[in-house]
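Two complexes are shown next, each including chain A; its partner changes from chain B in the first to chain C in the second.
Up next is the complex of A and B:
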């Protein structure tokens, strides 16, 4: 049975279609893997009964020669996606036992296409974090460990549970969301592939909101091809989300393996930072070489406003979050802590319901939107955002098809190692990824090598708006050259 | 508008005259089937929480989607207020916590409203006309309702109204008396009803006003204002302004200063009282709603809506005066309510418009008022009253008989012309018959003939007798003419 969990999504799909394999077997193997991997804390809710039922239904459809593009494929769902009748908490105490009566657009499209739900994965509370340590359900442990060490490492965040589940081969793919790097950073930390599509590519309807103008759903998968297959099902127009683009979704899988000859790849000099670990420098150069030998043309480009991206992000995202999280007030659903009066009830509920990081960001957001500070912070941050977007547009207008950068400034770190004294230390994890959210562009993280201690490192490719296809083509070149990175099982 | 053009009603204080300055924010519920950002029904009076969608209840992950009909209604209203339509406007979040505000913010328009400056022309009872400037109109969500009398220690929340579309119509501080204020709201409501963009039903809360009041010495700078919140009756608006202006004048004359604050009007005691001071005011932390794209309107959409606008009271009044020869007063009376104007036009069509106006304003409106009926439920239809006007016009009946006929139509109904025939109400214009009556009168009353010859006014006795002898049906004109010739006058 174990070997079934080593299949890629594409391999499993092909074997299911050929009826060499049943979804029941495949799903059972993954249910077992999930159970055995509980020390990872990747799942906050396992749904084996639902999975078994869905697998059975898939097998019936396959038997009749029917079935969608993901028929019978067991997936894990980040707990930020509302799932009908299945507890959804965003890993926050304030949404204790919240069971939605509705299904998010993205997950409903996965089920429409035949996928099977294994359960809900852990994440940083309300997706606020870069290590999955802010979850009310506790930290996730990465399936990766430093060579010769038992120190538990973080899988990155906020989609840490999804990243760990994919890296530990507990599922064939997982949904995730990315507001400042929450797909790409954990992908890089766990040797998996994660793509944040263009803002507006996937509907946000039914996904617990963090920062509306930055949030995007995307897949985490074992391979570039798997990510392409999943994204096709997840993406597409939705009348229920007016920020969702009314643009047809291409066959992303067809872009995998397509020649990258003649593509112009920008190497932004601002991403070369002082004190960057030599291993990161090395894989970046390696990535350049691989793309070059595949026929792409490398050009030095400048994105001069990059250095303002992280501070501006930490104004815009908390501002939106402070407002988006106002609905968690103890009145209609979720946690309610009684109080002397209504204001006291709000204060008690929110003080107990939100963790430290969420409270910190709600306070930052409230502050930057306050009368007298709005112009200096929020308005200025929005202007910076416009400049960041323009930096990219100018490069793309000059003929650049995509940019290659490191995905993260370091490899994974130990649980409890960072951000204890200074939250900014943790925020710096997103230094290479936030610009992409600020500009609304697609970005993919693909494993490209390892550090000296054997931990995976990732590269990021940033594309033109709605040109995820080019990213799939380019990242597959890197994947082919670098090979796959699979964690040794210790759990 | 400068102050000179606006007739001011000064208020006499202990130390001289004061001018009251008023600006209003009217919240008008948009007439639409569903809410501003959700598909839930806007129907009034449903069971609590029966018209609530996932969006209205602010469930996690729910997103607002603009209701295009509400946008069209706002644009129609803007056009009706002769206002600038902003082709690009932005929805903002106004953040505050309240149990009947599920999202924790109200979606409104703050810096870039859908409608800009416009104006409302207001007729006062004394025939004066004042123009009140409109500052802006924006779309926003209504809140739900907190119910405090269901449980000893808890409040209940009804979200049926949560998310219903409101237009906030903000006037400039151009209003100078309680009478102006009442006339302004009346006129604004009339325009909204003509447009069909708000039913104007203040009892149901479809139209509510926040009234900003300040006082100053004539010609001086604006004083500190107080805002009287949530007024839902035109009469109360008048009372509240009168009270509030007096209160402020007394404070200033006693050497005090006005605190900028929000006040509530208590109709039972006829006074306003403090609700919260400026210091307690919320910091709403407005910012553009990132769930919604800016609202972009095409010039052709606006042009289409403009072309399809109904005739509005001002234009209708001008037409009634210019084309139909009505007095400005009569025309103003007829156009105040669209139903009255429509009724009148049916009555007047192809008939004597002035006569029709007289009948609608005096006989019909008088009777409706007496019985407390709206014109829509008048027992006499416009077609029936038109028939009466026609019968007067072609001299089939006299004005006096017409009133009898109106009474029959009111109580029994029927076709006016048929009734006149069947009940023998027609005017006698047969000169032979009338001549006979007159000859008879002259023969029997030679003394009166002499008197009439000496003093022609005495002829009126013969007119009265002849009319009486004909049972009121003789044409007074025919009687007059015949008498004059037979008496040699």
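Up next is the complex of A and C:
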């Protein structure tokens, strides 16, 4: 019998439905895998009792023929999603004793559909980071290592715990969030599939806010099909989030395997950066060839404002973060550090509660919104954002269905290797993904090859608003051609 | 544009984050690295461009003006660092 943790979500679902497997067995195998993988630090809270109970309830529903689309499937939840009665911290000291009295819309929909919660996964503090090293709970180690080396590598970030948990086969899928690349960059680093849906596709209600006009939830999974299955449950209208779109959720799984013949795929020339590693160039060309053989038509396109997306992001995102994080004042929840008076209490609480990266971003956000600087920085950045979005719209209006780009400028790097002296060095990780958040578009990262040291590399497909289905069809072509990338267990 | 030590102190005060004197120089360097990075936005011609106010073209939904939540003081106060008699407790604000 194959090890149960090596099943894909779709395979496990089908076997559960046929009653060849119980959720109790499947869940127990994953609980054991999570315990054995503690050296990865992928989970900040394991919930084996809850998982066992949920699995039992799922088995009872399956026996009665009442199973939902994710019935009995063990999942991991990024610690940015509020889970009722289960500690939720955003991996920040300022929230490390916070137990929500409510459930986020996205996770409540997963439980509605029968999923089982294994625990909460590690992430960069308040999702601010690209390596999972800013977490209050410490860095996550990627399940991947360079050939013949023991150097610990980062899984990417901010959804590093979710990426590591999926790549190490500790769960059948995980929730994640993406503000500038936090789903797609860790997916590319760990050989997993991650999709950031269109802004407004998933409700943001009950997700700890970072930058509200950029944040979106999405799944990380072993395969394109698994991501499609999960997204269907996560997405959908929600009266509690006024920016959540009132658009019915299609059956994304039906798009997996659908022909891509005749689709026009844009190849944006601005993504061909100076100094791009030849391996990234190679998989990009390989991706083009695969899509072409599958009948898609490739067209060269231009997105002239691409290079301004990252600097504009580092104004807009910190500005929104400084407003969102104003709520952590030591009064209503979270950490409180006593002070001489109430102002001093706020200042001491926030000084002790926020880590260096969060403090830096809150301060830069405060500065760009302050009197005298608002027009020069924030307003200008929002105008540049309009131009970035317009670049994409012009291509889509000209008949392009989706675009193919690299997901990241490099493969994974070592823990402690980047961003020490200059924070901008770390920010450059998101250079290919951040444009998509700025324009509110859907983007998927799919594994497409390996570098010379055996580390996975990913490609990104960018779609029209609310056309995640085309992304699933196209990325399935890449997955079928490239095969799956599974980390060898060393932990 | 770049910030000096006094501006760093002023930003920290506005952000309500206590910063020690020996952290100012380091923070100044970090903030100036970020400001230098975003400087390139100055090259973009934004004449006549509307700032983005909505990511997707959608009309803001309105709901009936009715109570949909609340009346649960225990849940509200469940995570309070300090509460008594159904109130959040804070240090004395008015002398």
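Assorted remarks:
Rule of thumb we're sticking to: the second predicted complex is superposed on the first by the 489 of 491 C-alpha atoms of A that agree within 3 Å, B and C clash if a C-alpha of one lies under 4 Å from a C-alpha of the other, contacts with A are read in each partner's own complex, and residues count from 1 in each chain.
FYI, a residue touches a chain if its C-beta (ideal position, glycine included) is under 8 Å from a C-beta of that chain, and two chains touch if they have at least 3 such contacts.
Quantities reported herein were computed from a predicted structural model and do not represent experimental measurements.
Using the contact criterion defined above for the overlaid structures, shared-chain residue A:360 touches chain C, although it does not reach chain B. Contacts of A:348 after superposition on the shared chain: chain C is touched, whereas chain B is not. Within the superposed three-chain model, A:386 lies in touch with chain C and out of touch with chain B [touch as defined at top]. Counted by residues of chain A touched, the larger count belongs to C, out of chain B and chain C. In the superposed model, A:90 lies in contact with chain B only, and not with chain C.
Applying the stated contact rule after C-alpha superposition, one finds that A:49 touches neither chain B nor chain C. Of the two partner chains placed by the overlay, only chain C lies in contact with A:314; chain B stays clear of it.
By the document's definition of touching, both partners, chain B and chain C, reach A:370.
Of the two partner chains, chain B is the only one touched by A:82; chain C is not. Applying the stated contact rule after C-alpha superposition, one finds that A:199 touches chain C and leaves chain B untouched. Contacts of chain A with chain B, set against its contacts with chain C after fitting on chain A, overlap at residues 98, 101-102, 213, 239, 242-243, 322, 326, 329, 331-333, 342-343, 346, 366, 370. The part of chain A that touches chain B in the complex is made up of residues 82, 88, 90, 95, 98, 100-102, 104, 204-209, 211-213, 239-243, 319-320, 322-323, 325-327, 329, 331-333, 342-343, 346, 366, 369-371, 374, 378.
Residues 97-99, 101-102, 198-200, 213-214, 239, 242-243, 245-246, 305, 307-308, 311-312, 314-315, 322, 326, 329-336, 338-339, 341-348, 350-351, 354, 359-360, 362-364, 366-367, 370, 376-377, 379-387, 389, 422-424, 427, 439-440, 465 of chain A touch chain C in their complex.
Note for the complex: chain C touches chain A at residues 1, 3, 7-8, 11-19, 27, 30-31, 33-35, 37-42, 44, 46, 49-53, 55-56, 58, 60-61, 63, 72, 75, 78-82, 88, 90-93. Residues 54, 57-66, 93, 95, 97, 99, 102-105, 155, 157, 283, 285-287, 289-293 of chain B touch chain A in their complex.
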